[in-house]
């Protein structure tokens, strides 16, 4: 019943999700450094790179462009909320699975804030979404982000391992988790997820070498890949960074070899 | 899937929404200056002007008159609340999309108060409405009005740009936003909205020239038009103001040329 | 779509609603002065008078007697709550429209407490009820009673005009409002309601002459009639008061002429 | 539409409900005095007595035994809650009407806590249950128990009369109310209930004579019968007490005559 | 209607549930002592032992492995929540009964926190689940765990007896309760559950002999078996402990005889 392997999300079992929902979650301020990235079309173009196995966007950006990019594997992010709102972490379900399928999604995404006072409600929303997604044979990616009143350290090894386990127990095919600070901790989270695949979220925005090293570490620790946003599309030449990531994720290249693409 | 261009909302890609839901949102006090405007029929008559591409009203006013005005493009405003109530910003969904279609709506409208403690709930109501509207091929206009506990300045450039982006990400066809104070800020909001069209809400009630100038500025900044209420129907000769707006919005007239209609 | 004119609620465009839901809203204490009125059958008998165009009761009293009174036009009051409960104004929806139709209702009624913290929720309940009623071609009467945290004076002219306008905007066919203190204020409320008809609620329990004068004033101000309870059925000879009201409401009689019936 | 007379609840228009939901409402502590009554089978056996026109139990006890007792008229109590929970009075709906019908119920029961902060919510649950019960032609018994923040004295004559009236107005066929302290007060409650039948709840646990006298008083005041639990099944010879109650309720026996059964 | 006896949950009327939802309820920290048990496959292997009549897991672990273990009787635990969240006891419903059936469940499980401020809501969720399970002929196991604001001592004899009774009254086939401290108290709980079977939850993690003695005591007190997790799968040779439990539960062996398996 786990549709990951046969889906377009997987390229030889590995994954690179290009995420572009910053406009909803953080607002246009996230595009200030590279103003052209405010235009969804520019980022859809980036998403056509072979290294990208899924492009994660909200409903509005999906329905406006999906037909123009038949070769991009659409990961429709089903929930999300602006940061204008400042309450205990929660996220609105902005798109139904049925509509996501109609728009052409090849996978769906959902954020769970474990530890939030809204955890129970969000988990029940996830239940419906996960079961609807099974009906459509759509893989389900959980942004598993412990956060809120009950969570002291949202990137500690034990928190990240728990987040990965929640994704498994609740029926996600892929757990998107933050980097827990060390390869060992990432390996522990991968263990906790069992048959659910783990992708690293983001990675710190440092030098090219540091970024690629952290990706390499995550892959070596058992993660199947990366979900990345600004670290790719806000570079002057995002294709080159995708070439480098392709080498690290799919071709087992060393960081030094990957750096030659930049 | 975006039904704007082929709809009656668009006249050569431009928009003029005449809004008349003040009776619910503010009460009859809004009609005091020009008491005749309390009578919906008078304002429906104004809405027959060629410059008006949509007339925005609540359900009760729609069903009472729509059959008598087949040439007016009805924009049924689906939510709204009285200001007798004084809680954190929220808005009741007063009409279903199915019923709006039955009444003859050519488009639907919905207010989202980003930043309110009810944002998550309102966004989920919007989800259902937007998907139902797609079934009926009805364009969706979002009154995107950040307001509430989380919002310090509801017309700052960054707030308005965020409001426009929310409309895009959540799947609105048109974002109705307040004027953010300058043409540059409006252009920024238009950029943030991407393929979602932007209309300016209201405009300050100053002199004719100042009003038309602000509309002209908005159009020049990329907005497709205006949503206006009292600035039109509460004038002695609303048709003349509509003539002037028609010149500015659809005919690229200068403010001076437009003023000749008054 | 507005079913008022062709319905039994209207007698030559005028209305007299006999209301009998005091047992739920206030309890048996309301029947103490005239204990026989505790028995629904006595009041159903009164409702057979030709002057009465609708008899407003809750579900239980409707289903127990409606079949025995085929000539009484049943107005099923769909919501209502005891005054044992003392929270911010709200009202339980005690009957569905489908069931009201099955019981034989010729119209339905609903209380909206504008200004209450439950206004949004109540308005959404009203939405469903109004649209269901349209399916059954049942006129909808809104008891439009601003009340609660946001309302300082629930019978001021501006409050009553707002209440009448809410009924229009939300799609009620008839607005039942309290008397705002003067004929001018009532005329203002009638204006605010536009095509929605206005009936005066109750009227002060003073002398016969004062009562009939207030009804006459309301009619002259444009109201289509009256909704009345104890002022009729708790008189020794309720039929005589109905004769007098018939003269005032339907026959344009003077108060003096009407008083001759008593 | 009122299915009482033709139902098994009625024996010549009179009623004796044996209630056995103490295990949920109060816990096993209620069975301590007569431990054998913890076993549902023992009490089902008692319920086979001819005097009992309905046996009121929760879903679990209904489905486990109903097939074995085809001659017992099952009154499925649809809501109920443990007293482990200590909030403002509320009650969980533990069984749907459809399932009650499937299990073989001949009637359904529902507790309404008038005056509780949950009154509105409970009344709306009752609406659905009452209308579903009408579909199945099942009589509806309301445990009408004012209780909670708004209620000062839950057995005063005015409170009990209000409780009886609520049952009528909301559409219950039978109102189960507490004894309001005097025959006159009970007669007042019976009046308030109109066509809804009234049964007395429990009765004080005093001597046999006092108990039977209170039942006799209630019957004489117009109540159609009694709902009783421990006063019957926790006696050494419950059948004898049922013989005595049968004499008082159905045979208009005097208390003295009834006492001869004991 | 009680499907227990004919189901795979029962082996000669006795039960041994191996529970493995610690990853959701407590997080990976529960696997630290025996890290291999983080891998679901290892524990599924243990569940193939003849002594185990049901294996209790959450949805994600069920759907990932159930097809590979057709001989393991799957008990899908339908609700559960992480302990990252720290509010008044509640539990998210993570799986529908329909989906559980589709995944191949032979029984379903549900936690009820009697006494919690969420008791009413949880009981209503249980209602739907229990009735859906009846449609699928799936036995229902209630983890009946009083906990929360209203509960002072969650393992006192009276609390455990109440918990067992709640399971009966609400329609569970099996009540999973904590050990109330003595064989007499367990016998009392078994009495309270009537036709609902009782299984002991866990048992203290002490010596082999103490553990087996407590199981023996529970069986002798009338419990039909045990639900156990870490006490089995976190041993070096879990099969040997299962051999010992098999002897105690199904073969009426003495503790000494059972100890020979270890």
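Letters A, B, C, D and E name the chains as they come in the text, with residue numbers starting at 1 for each one.
Basically, a residue touches a chain if its C-beta (ideal position, glycine included) is under 8 Å from a C-beta of that chain, and two chains touch if they have at least 3 such contacts.
Just so we're on the same page, UniProt names per chain: A, B, C, D, E = fructose-bisphosphate aldolase.
Every value quoted in this text rests on a predicted model; they were computed, and no experiment measured them.
Visitor: Quick check: superposing chain A onto chain D on C-alpha atoms, how many degrees is the rotation, to the nearest 5?
Guide: 145
Visitor: So the centre of each chain is just the mean of its C-alpha atoms; given that, what is the distance between chain A and chain E in Å?
Guide: A distance of 36 Å separates the two centres.
Visitor: From the mean C-alpha coordinate of chain B to that of chain E, what's the distance rounded to whole Å?
Guide: Centre-to-centre distance between chain B and chain E: 58 Å.
Visitor: If a residue has to touch 2 or more other chains to count, which residues of chain D qualify?
Guide: Where chain D is concerned, no single residue meets two or more other chains.
Visitor: Could you walk the ring starting from chain A, turning first toward chain B, and list the chains encountered?
Guide: A, B, C, D, E
Visitor: For chain B, which residues are in contact with chain C within the complex?
Guide: The contact residues of chain B facing chain C are 21, 23-24, 27-29, 35, 38-41, 58-61, 63-65, 67, 80-82, 84-87, 90-96, 99, 103.
Visitor: Flag every residue of chain D that touches chain C in the complex, lowest number first.
Guide: By the definition above, chain D touches chain C via 1-2, 114-117, 119-121, 123-124, 126-127, 130-131, 134, 146, 148-151, 158-159, 161-162, 165-172, 188, 191-192, 194-196.
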